[in-house]
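Going by the order they are written in, the chains are A, B, C and D; count residues from 1 in each one.
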Amino acid sequence: MAGSVFGNQFRIMTFGESHGKGLGVTIDGCPAGLSLCEEDIQKFLDRRKPGQSAFTTARKEADAVEILSGVFEGRTTGTPIALLIRNKDQHSKDYSNICDKFRPGHADYGFFSKYGFRDYRGGGRSSGRETAARVAAGAVAIKILESMGIFVHAYARSIGPVTAETVDLEEAKKNPVCMPDAKAAKMAGEFLEKCIKDQDSAGGVVECVVTGMPAGVGDPVFGKLDALLAQAIMSIGAVKGFEVGDGFLSASSTGSRNNDAFAVREGRITTLTNHCGGILGGISNGEDIVLRAAFKPTPSIAREQQTVNEAGEELPITIHGRHDPIIVPRAVVVVETMTAITLVDALLSNMGARLDAIIKFYGREL
Amino acid sequence: MAGSVFGNQFRIMTFGESHGKGLGVTIDGCPAGLSLCEEDIQKFLDRRKPGQSAFTTARKEADAVEILSGVFEGRTTGTPIALLIRNKDQHSKDYSNICDKFRPGHADYGFFSKYGFRDYRGGGRSSGRETAARVAAGAVAIKILESMGIFVHAYARSIGPVTAETVDLEEAKKNPVCMPDAKAAKMAGEFLEKCIKDQDSAGGVVECVVTGMPAGVGDPVFGKLDALLAQAIMSIGAVKGFEVGDGFLSASSTGSRNNDAFAVREGRITTLTNHCGGILGGISNGEDIVLRAAFKPTPSIAREQQTVNEAGEELPITIHGRHDPIIVPRAVVVVETMTAITLVDALLSNMGARLDAIIKFYGREL
Amino acid sequence: MAGSVFGNQFRIMTFGESHGKGLGVTIDGCPAGLSLCEEDIQKFLDRRKPGQSAFTTARKEADAVEILSGVFEGRTTGTPIALLIRNKDQHSKDYSNICDKFRPGHADYGFFSKYGFRDYRGGGRSSGRETAARVAAGAVAIKILESMGIFVHAYARSIGPVTAETVDLEEAKKNPVCMPDAKAAKMAGEFLEKCIKDQDSAGGVVECVVTGMPAGVGDPVFGKLDALLAQAIMSIGAVKGFEVGDGFLSASSTGSRNNDAFAVREGRITTLTNHCGGILGGISNGEDIVLRAAFKPTPSIAREQQTVNEAGEELPITIHGRHDPIIVPRAVVVVETMTAITLVDALLSNMGARLDAIIKFYGREL
Amino acid sequence: MAGSVFGNQFRIMTFGESHGKGLGVTIDGCPAGLSLCEEDIQKFLDRRKPGQSAFTTARKEADAVEILSGVFEGRTTGTPIALLIRNKDQHSKDYSNICDKFRPGHADYGFFSKYGFRDYRGGGRSSGRETAARVAAGAVAIKILESMGIFVHAYARSIGPVTAETVDLEEAKKNPVCMPDAKAAKMAGEFLEKCIKDQDSAGGVVECVVTGMPAGVGDPVFGKLDALLAQAIMSIGAVKGFEVGDGFLSASSTGSRNNDAFAVREGRITTLTNHCGGILGGISNGEDIVLRAAFKPTPSIAREQQTVNEAGEELPITIHGRHDPIIVPRAVVVVETMTAITLVDALLSNMGARLDAIIKFYGREL
């Protein structure tokens, strides 16, 4: 388990570095028969693409995806789908002055400790650019979910000290900070402008809501649906916290307030509240799945910082290059797609849960 | 992947239900040569055992562990270690009146949706009692870590609205709520007594600190050490949130405050602060690993609640039986042991990271 | 991956040594709703049990299985099924004179090289007794297959130089060598008596036939159904060769003879011959699956042999204790059950192969 | 587990079809610090490349490999190595007349049954061309092994009815059938010419020998080294049998002849014979590993054959296009590389077997 594989039945392996030849992903286990073309994937990559607002790096990347395999006559064949995104705009020289220094808040020191040396160009494999491959794979997962009536939407719940008070999904698509609340988005923009002026950076919280998830998906014990989502989301660079439903708030609640009473509405079993976030005991209960990811502030800041080099000498470091003052707006689509990948995998695994359903599936009623 | 397996190189599979014959775990991949006897494991199980204070269920379980395999002449042999804990005190009849109703806040409805029927006795596989098997396996992991100078300590950081202000590990061992702050522990006890009187329950936050972890462990991308810890911890029943380092707080910080400056102290590379919680880019940096888990209030409360039965009828439910008013004190050792299992697995996987180290390991300098 | 886990969706982990407290297995991913009791499993263990003829070890083991979990009110619940077989008749002292010597043809030297020491009592984990746990798990797999109209039958195709010329499954159940040909069985018995008199041992070939397997199961590339069967069967102690269909014979055939022509019979696509053994390109084609395993002669023989001890000294070794002059008759049920485990796992994995089937499974036609 | 992933610590995922855009593989878990360039991989691909003799397809493919990631300044970084081979010479039109017919001996019917439709161009994913990706990954594995003094050599042991009587590795590199015996190679060539004239094809046996393997590698029970090799080799298209050491021959041997006596030679524990093929109880014993794979005759033959189409109608089929009259010579390097991949994975997994070695590895003697 070397770290770049995720999922079991719907399994992805990613590759690529910030300043290498490109990034990519292979999906093994995508069901056959899904209509798929490059544009289906490109539109998700375009949401993650840099250079789209004042709050994202000026690096210009077309991030054009090429489907290398697994699609025949416009449909997936069931065999591996390889997706390749070539790097175009690599300013490797920007990094030459820091090649033997460990940038604070970055993975540099960890990589050096683990591997003995590292690709210092833009973080190499630990660059946020790595997430492009996740988004490409996740675009396929989202298309599968949508064919089943399951929809995934994420947005910035908070940016620095500013929290969205309302949730208007359409609004989140319009403003550069992906907040579902126009007023909060405006305040967040002002806050970020100040950050840039201060040569500083900000963090925030991404919230993700899944509608249409059937009840009964996820496994007991270690394979809990929220545990798998936690791994998926915490594996995104810069995420320091994860919660589902009321999350940390529930720790200070009481059982009588936190339990969601069951009821029947329109002939369907439902809950009157959704403190649990759609998952109980690790298994979906048919309500909306609600999760949140806490992103730390971008570690690359223009201010001089204190660090150490590979020789073990203390010295100052100034990071040039092009960096987002905040990761959150571009991470929204990463959270959506990692959520989708996890759910597709869980839905496929779940098909073997009941013997009667298996017998029926294989048309083997004896 | 049916949910009861965790880890890759150090891999466990658990089994058992609250009211079946017993619980257990098999560890595959435990290194050979570890001194191990039942008492090494029993002392951890005793910390999780019910009936030890006014704040835990009155159920009496010796939770005596039997080593079935994998140990020869007092040492592990490298082959699977099977551990069995027989159930003794099973009041199955307590549950008979709720066998076709879905308890709010429990996994009942999910299990029913997934499997078509369920073991309704005390939650069956979704009972908190399932964690006994985790603790048994984790006791072995902790012994491995300690042989390497790595130590894991958890405690209750908060209980309901009460938060520990100081961290005194010795104090946490003394009071019934496992808080590292005597004053807070007293307030928490009073709060819990009120909960019981109100026929209600409470939640809390468990914090876990790992000392002595070497730098360079964990994998980039999906195999990030904090992502694996997130899965491990979120897979514990009733956990709704996970964070590492400053976690959700870091989302409202700034890069200049949140980055940990590197420095050299006593000839060793270290950081001046530890906002990151010992993990950067998914790889340990040699500082203390700090993580937190948010536990929701115990869902089993004595008050009447509103629910639905298997026939889809709305009706009230009253849960009898014996239940903890709070899960946190007994969950402290579960967080410790799940953390330890994750770290041992990561340490073993990490040994193949560098070719020079592999060649040296096999004595193959050519 | 420490070696004692097999399968993905239907996943087993075994444990136990020849002379420890017992052997066992946990099955994770068994579908819910299968009727299951101990007798269902016991009857398979009884076929593997020693002491049933002149050609098996005199060791007396009841091999009584206990279901520890995963079954409620006579049906599997979908949660892990733990099965325990306690050892009863352990003559550990028989092995004391060889505890520091490496028995030729055994795993002793490998275990010592790998782990630095070993449980020398009867081979410990490398004993043939380990297969009891496989048989217990496989009994459950066979019950699943039978509920789908899939049947698995194995028998001894050859014993030493004697080969069965006819295949009469009923006959194979009657004679002590499990040969499907009465005449060959008689000759094999005479051959084995001579082996015993010569203080020697014999090998043989087990053949296994699966009927009723649906077409379209198995995965391309590494997950080929015959590749997974090869791992399953080669993992049985003493197996040195595996083949499917015409196997090694096909290497000296020609394409025109070896290809199986397709035809339609009774409205169903079939093949006129079955040289391929029911699997083409790693995927079942709906014909009978036919495989064979070559078992080497029992390595424990009464004759004095030449060996080396842990100190690196050459010296003679005489193996006392009770040993089968041939493994094959008791291995027949092991081949059947390992085949069944592999097929159930493949059938479950296969359910996610087509998007239209998934959408239908979840009742999500939009 | 969708079939295109192999290995655990050294893990590969392949993709690509015969007539798509290309083939490729990503290696996750390659140790950092291995010197690697495209030429290291190309030389292995060149051995598999078509068009090199009268006995291989006339299809012209440069099979030029591009390293997309994971190598920095000439060394592997420890992160995924993605390798891409673009298809050049795709005569898709050759296949148009058979697009709805199932070719005998091919995977067509299985793919159609499983996925509901298939990429009919040259077998798509089930084409022998798929093995190019395995060879590319295996070239990296071989380079790792060689850095440890472990060498892997394969050759054709037999072709149709012709068997090599001697083993001269240099000779195997010279003749077009890769036989290690010049006289046998000449006879095999004559036999193959006759096959071509007869519009027929032939099979054969590939033998592989590994020298320098340390003792103690491989796991007990399901993770036996020979079981993993069996999966690896049986997963190569057209392989119908696998054996290690004396293999099927050992089934008719006796214990006294088949056991390999241990002895000490030049201060090293060794065996006087090697009937076991270097693996006992699934663990290497330090002797040469010897394995064999039986390849069936190429299923694509020019003669008219009987088949069925997707509509279920019986009809004749004539396969045009360019096909090898025998797979074996080009498969030799595939067997070598799959063997190497399996061994590297086992060597890495094995590093965690002993606690004392782990403690020493991490420099943690306390």
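Just so it is clear, contacts are C-beta pairs under 8 Å (C-beta built on N, C-alpha and C of every residue); 3 or more make two chains touch, one makes a residue touch a chain.
All figures in this text were calculated on a predicted structure; none of them were measured in a lab.
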**Request:** Weigh A-C against B-C on C-beta contact pairs and write down the one with more.
**Result:** B-C
**Message:** Using only Cα atoms to place each chain's centre, name the chain farthest from chain A.
**Reply:** C
**Item:** Rounded Å distance between chain A and chain B, as computed from the means of their C-alpha atoms
**Value:** 25
**Request:** With chain centres taken as the means of their Cα atoms, state the distance from chain A to chain C in Å.
**Result:** 44
**Asked** How many Å are there between the centre of chain B and the centre of chain C, using C-alpha atoms for each centre?
**Response** 37
**Request:** For chain D, write out the residues touching at least two other chains, lowest number first.
**Result:** 1-5, 8-10, 14, 29, 32-33, 78-79, 114-116, 125, 214, 220, 349, 353-354, 356
**Request:** State the interface residues of chain B toward chain D in the complex, per the touch definition above.
**Result:** 8-10, 29, 31-34, 76, 78-79, 144, 147-149, 214, 220, 347-349, 351-359, 361-362, 364, 366
**Asked** Quick one: in the complex, what on chain D touches chain C?
**Response** 1-6, 8-9, 14, 102, 104-107, 109-116, 125-126, 130, 158, 160-161, 195, 198-205, 214-224, 226-235, 237, 240-248, 250-256, 258-264, 267, 269, 271-272, 275-277, 279-286, 294-301, 303, 305-308, 312-314, 349-350, 353-354, 356
**Prompt:** Can you list the chain B residues touching chain C in their complex?
**Reply:** 1-5, 8-11, 13-17, 20-24, 26, 28-30, 32-33, 66-70, 72, 75, 77-82, 84, 114-119, 121, 124-125
